[in-house]
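Notes for the one structure printed next.
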Amino acid sequence: MLNIVNKSPFEKTTLESCLRVAQARPNGSALLLIEDAVYAATKGNAVEGRIRDAMKTVPVYALWPDLEARGMQDRVIEGVKLVDYGGFVDLAAEHNTIQSWL
Amino acid sequence: MLNIVNKSPFEKTTLESCLRVAQARPNGSALLLIEDAVYAATKGNAVEGRIRDAMKTVPVYALWPDLEARGMQDRVIEGVKLVDYGGFVDLAAEHNTIQSWL
Amino acid sequence: MKFGILVSEGPYTHQAADTAYQFVKAALEKGHQIHRVFFYHDGVNNSTKLTEPPQDDRHIVNRWSKLAQEHNIDLVVCVAAALRRGIRDDILAPGFRISGLGQLVESGIQADRLVTFGD
Amino acid sequence: MKFGILVSEGPYTHQAADTAYQFVKAALEKGHQIHRVFFYHDGVNNSTKLTEPPQDDRHIVNRWSKLAQEHNIDLVVCVAAALRRGIRDDILAPGFRISGLGQLVESGIQADRLVTFGD
Amino acid sequence: MTEATGGIEMEEGQSGIVKKFMFVNRKAPYGTVYALEGLEVVLISAAFDQDVSMAFLDDGVYQLAKGQHTKAIDVKNFSPTYRALEGYDIEKLYVEKESLEARGLSQENLLVPVEVLNSKEIAALMADQDVVISF
Amino acid sequence: MTEATGGIEMEEGQSGIVKKFMFVNRKAPYGTVYALEGLEVVLISAAFDQDVSMAFLDDGVYQLAKGQHTKAIDVKNFSPTYRALEGYDIEKLYVEKESLEARGLSQENLLVPVEVLNSKEIAALMADQDVVISF
């Protein structure tokens, strides 16, 4: 299951909901952060601990073009894997099911 | 200052932001909950304590038509004042400035 | 009292357009004036006459047109936001007009209160 | 691999339409097929040829039309969602067609993966 | 029915492929249109003979709250449609326990009978789907 | 300028009334259009000789982050516009301290000089406005 989140963790509770479910059964799950959700992939903020905890059980990816657009390219948490749109397509192809947490 | 919030407190952090600012200087401030924010005016849920705390310093209003639409009419926290659209207009007229927390 | 109204979201998708309409109607019933209703962001989508909701649902666009006609209300659609979203003069419903963002600032200056309805 | 795409938000207002486009382009570059792009909710607003963004900005509608033409992609706009929002056949940009919700379900059945872009 | 299903004849729609479709509802009704338009997709999907289920998480559980009266907001009350789902053979309705509890709701407050599952059980069901559409 | 200001001639725009306008920015850039279209209103307001200020709270502080490069998402980078505000005599930019800190940002990470105020100070300023428009 590829879980996609596109909302800032400071604005919406979407990331928290996604992780509650994904971490309850982490087997084969991955998390991809896109659009405003890439702020969750950055360090020094109030949600950094949440993502570090998630990475213990679920691989976390972030969309590089969105990080760069927002000026967050130098703040990425170590261990978050960066992908471009091609990498996003690969992730979608590698996982049988894709859920966008809207 | 009339503060208007229209987002569910479970979905967005808007109510929390509004209260952080409004409670820092409660003088003359009021809070009106409309649309999906009316869930915050109901009891038995995880945010009830937050609204009870806010009511100590800021008067809290909720839009009755929105509560009724959502089937929440029997769950309103004691002390939350109920208004219809006419009451909403009165509140807007009584306060010099109106801020919709979008 | 004179109210200015800002509508920032499109019809049906967000309740903002409904709440704004109910507020305006209630204000008029209480004898207040509406200086202008300004449509910005996706709010411009409230103005297209091509809208055709299911018959058992409210017709948000016609509701605005009727209100404008009965109470002589100025319904202004922001030109820049409209162009970005494909709203043009020839698909405008009765009562709406397209103009610049200055009309919003002017409403803030002229009205006693400006109330925003959005997402 | 065959991808089905669902776009649930209008152009410019949310990044969803941009991300969907970049995803489709990248998938095609990698040799994948796009079974269909289905536009639902405010996503139907991606299809109007009346759109005219500022000259220094991307033209989201034309970008879809060009992609459809070059790669023969099926761009389907939901009829019910379109009527609710004033999108009709006569304002449709090239490459788009209006049809029913069944086209979305069919895309879920026929495609190997369905990817949703929304708010 | 051909118009509703997008001009797809049932013969064609019934391609023999049966996939597991889950519609995930995470938004409250009326504040936005997603709950209503999501329901329209679910109803159409019934014509395609797929293995359809609905999951209600987060504010989506509010869609099922009893006692919705929408006259004063002048918006159509679509909550009776959830009661009609059974007639379309859509019978798998799952509600997340954690979401219900956070909102102080229980089975008795809901319009229709549902299966209440915890996050882990919901996650297992989701992982088992072919197509997940979220509204 | 008359087109941008909605056909309002400056003589008419300068009605003699000077109100305090505050534009409140609470949303991140690019994910939605509100930051960009909000900025367009602010620029137009400069033509009306009002007492204009901007407040950045919550994710709105991200609008001012240095180093935005939008080529890969193919969206216009509008962050240089914040640097141009001074030329429009829009010089009162307030940023909430609590919002900056929650995001691990400080003054040095921002595109333009701003005044950093705590929630209480921001609240006092807001209460003193005639018109508050939130994006």
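Before moving on, here are some points about what is shown:
Note that the chains take the letters A, B, C, D, E and F in the order they are written out, and that residue 1 is the start of every chain.
The criterion applied here is as follows: contacts are C-beta pairs under 8 Å (C-beta built on N, C-alpha and C of every residue); 3 or more make two chains touch, one makes a residue touch a chain.
Because the structure is a prediction, the values reported are computed rather than measured.
Under the touch definition stated at the top, chain A and chain E share these contacting partners: B, D. The chains touching chain A as well as chain D are E, F. Counting the residue numbers that touch the partner chain, chain C and chain D have more than half of them in common.
When you average the Cα atoms of each chain and compare centres, the chain farthest from chain C turns out to be A. With chains reduced to the mean position of their C-alpha atoms, the one farthest from chain B is D.
Each chain gets a centre from the mean of its Cα atoms; for chain D and chain F, those two points are 33 Å apart. Centroid to centroid, with C-alpha atoms defining each point, chain A and chain C lie 38 Å apart.
Between chain B and chain E, the centres computed from C-alpha atoms are 29 Å apart. Of all residues in chain B, those touching 2 or more other chains are 6, 10-11, 13, 35-36, 65, 84, 98, 100, 102, listed in ascending order. For chain D, residues touching at least two other chains, in rising order: 12-13, 15, 19, 22, 41, 80, 114, 116, 118.
Of all residues in chain E, those touching 2 or more other chains are 30-34, 58, 73, 75, 130-131, 134, listed in ascending order. Every pair of chains in contact is given here: A-B, A-D, A-E, A-F, B-C, B-E, B-F, C-D, C-E, C-F, D-E, D-F.
By the touch criterion stated above, chain C contacts chain D in their complex at residues 10-13, 41-42, 45, 48-54, 61, 80, 83-88, 91. Residue ranges on chain E touching chain C, taken from their complex, read 30-33, 73-76. Here chain E touches chain B in the complex through residues 27-32, 58-59, 62, 65-70, 72-73, 75, 77, 79, 102-104, going by the rule given at the top.
Residue ranges of chain D in contact with chain E, taken from their complex: 6, 40-41, 76, 79-81, 99-106, 108-110, 114, 116, 118.
Interface residues of chain C facing chain B in the complex, by the touch rule stated above, are 1, 3, 8, 15-16, 19, 22-23, 25-27, 29-30, 32, 113-119.
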